[in-house]
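A, B, C and D are the chain letters, set down in written order, and residue numbers restart from 1 in every chain.
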């Protein structure tokens, strides 16, 4: 299919429906699709399951969705960065699934790669292994972890070409390429859209077959915090 | 550790010992480490298990090792390209483990990534599933496949920098990056060795932490077949 | 002819993987700007190549020289099969030794011969969103390739969606194949005489052919 | 001081991952040409950065701004943890809430508090070839952090190889920790008074301190 290229975040975010599971890239605000998250806060869709390393910060990024009461569940590795997450969780208003960051990343990759589950040594013998199957492989104990998939992925890339191929920027890459592979509908927010052929075929990180829509980023992270692009 | 950079394939190939498991990159001759394979044919090490998509062709590449009687076992997805493989196998002189190419690739990636095993739908219900465990995950049947690891990997890259970072060339990339991640000792054969800093940090495919030694390629594949570099 | 008909089966802007043999020929009938060809050895954006531009390190899964489309990308084998198994390839066009009444495909091994090669066949059959089988209707010795039950080892327990032969087109519908189209001068009787697989005949086709 | 001592523990050309807190400070004592710092958010080749060169999109796992070494490379999170879990990182230097007589480390959760964050701690502890724990010898309330059995949830069933505190250095040998070094003016008695974990005293150290 062809990639949809638009200036209208609000338009593409219509693909998110109540009850959906949404992957959102970013390590804190770094590599976070800020424009798409902003559009999601304005979209009338709730009961969402968010798969993201963190749920933003208190009242920032995905933290706004939490305050809006739109989240049913969060799957991630480090919710500590938003103190309100614990509050909602304790009041029984938010389900949490906490995974070690390596297991979280690998489960997303598995989801995109048609792998149903995998065995890792991480977390064996810890509280995060509770209720999970273990298996001996070649004399070592491994934990079974299931793949993660989503209805929609919101990712942040650096450049897209008009076909939808993506490249990333420094440590803003993080979870974005794997999330782009693991959702039915993938929206990428980028700094720049270039003609096809301008990205080197050897350096493309996310081939266009993964990407459904591309928007130009409006909210960007700078040294002075998040600003609106002129 | 620092990467060993040398002109002497015969010297680095000394790391291969009798009884070792060796991964060898390449899809046929494309992206095959021809200089290192040549050195291996001159090395006095036998009872080898070769993990490679094919065992070269009759009397070519890894096919020479077969003729030399140095192979105990081959693990791959397409041995058909060397008719002598079937012969040795039927005479009970060579063990074979045949895997679907996707399972083969994924098992190597898993080996490098500390994953003990994974569940795939590929080969479920076929002869290649015989004797393998299955598991229902979310209503679908998956097959358990174990990771593949090796003592030494021989890979073919395009360029290395002096730190040992690698980039590849077109479809000569194939199995090489994953094999570079899954062996205790990794030797890369390259066309060109550049100064550190000359490869863009965003385009490095194999970071140097995977690579133990780099040699300059002497035997190269051209339109007219394999030739010795001047 | 089979390849040309298979090409018509594709929606524009599909991601397509072509198997070795007849499937490879499908590329000749595709408008390269509208289709994206994936090859499992690590390239999205396969095109044909002129003799003088051949690069020995740029090949398809059949190890034949190919070209690189504008906007193409390269990746390693594990990433390539992640695309296939993860259902990111829209269509795989594959050859077959046999296809049976249950939609099962046998295309990787022959009983009695050594089972020493499988390549990407099993992954493609399990992972592509749509499977089109292109094959001659009968094998070289004249025996049907569309059979009631595969006597050759099957490649997957996943059904083929469409079968295109030199005689007819069949599409999987509900619980079995429907013969939807006759190729060239082929008659319903011809198909019946060379097919041991169960199939229904499409209502409109039946009316047209028997009036 | 702890960080400086931890730096001395590293062999040149090691691939090193530094946890948040004291471990991050170790970077200040390393010759940048001889060590390769890995950060799990996707960079091999972390360096320090001058205020004026700060790039908000270039950070370490503690979200602090860092620089990029010559010969550095970027990768996504799954590839980064593949390096960690796959035992391609030589050393991880981590903080701890507790370490016990069996070498087990607790550094991710406090009982009674909400368990809502783990990050990369479990992966690093299970995957790095060598684990160095850097920590103050006692917690803020003066209670020992080197205990007989962790009362906090453990991070892995894998043992820490070296513990470096502001009082002493312990190394895992055979079946338990050996106190190998006293830091500054610390005496054997000081250590004994502030440690509830079992440990042996290194023979030479014992002779030197008791002569």
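Here is the rule we use: a contact is a pair of C-beta atoms (placed from the backbone, for glycine too) under 8 Å apart; a residue touches a chain by one contact, two chains touch by 3 or more.
Being a predicted model, the structure only gives us computed values, none of them experimental.
Contact with both chain B and chain D is made by A. Taking A-D and A-C together, the pair of chains sharing more C-beta contacts is A-D.
Distance from the chain A centre to the chain B centre is 33 Å, each centre being the mean of its Cα atoms. One inter-chain figure worth recording: chain A and chain D are separated by 29 Å, centre to centre, where each centre is the mean of the chain's CA atoms.
Taking the mean of the C-alpha atoms as each chain's centre, chain A and chain C sit 35 Å apart.
If you average the Cα atoms of chain C and of chain D, the two centres end up 55 Å apart. Residues of chain C in contact with at least two other chains: 68, 74-75, 81-82, 84-85, 126-127. Residues of chain B in contact with two or more other chains: 106, 109, 113-115, 120-121, 168-170, 201-202.
If touching chains are joined by edges, the resulting network of the protein chains shown has some other shape, matching none of path, cycle, star or complete graph.
Pairs of chains in mutual contact: A-B, A-C, A-D, B-C, B-D. On chain D, the positions that touch chain A within their shared complex are 39-43, 54-59, 63, 68, 74-78, 80-82, 84-85, 109, 114-123, 126-127, 153-157. Those residues of chain A that touch chain D in the shared complex are 27-28, 30-31, 77-81, 85-86, 89-90, 96, 98-103, 105-106, 108-109, 120-128, 168-178, 205, 221-223. The part of chain A that touches chain C in the complex is made up of residues 1-2, 109, 111-115, 161-163, 165, 181-182, 196-197, 199, 201-202, 204, 207-210. Residues 13-15, 36, 38, 44-45, 68, 70-75, 81-90, 126-127 of chain C are the ones that touch chain A when the two sit in their complex. Within the complex formed with chain B, the chain A residues making contact are 106, 110, 113-121, 135, 137-138, 140, 142, 146, 167-170, 200-203.
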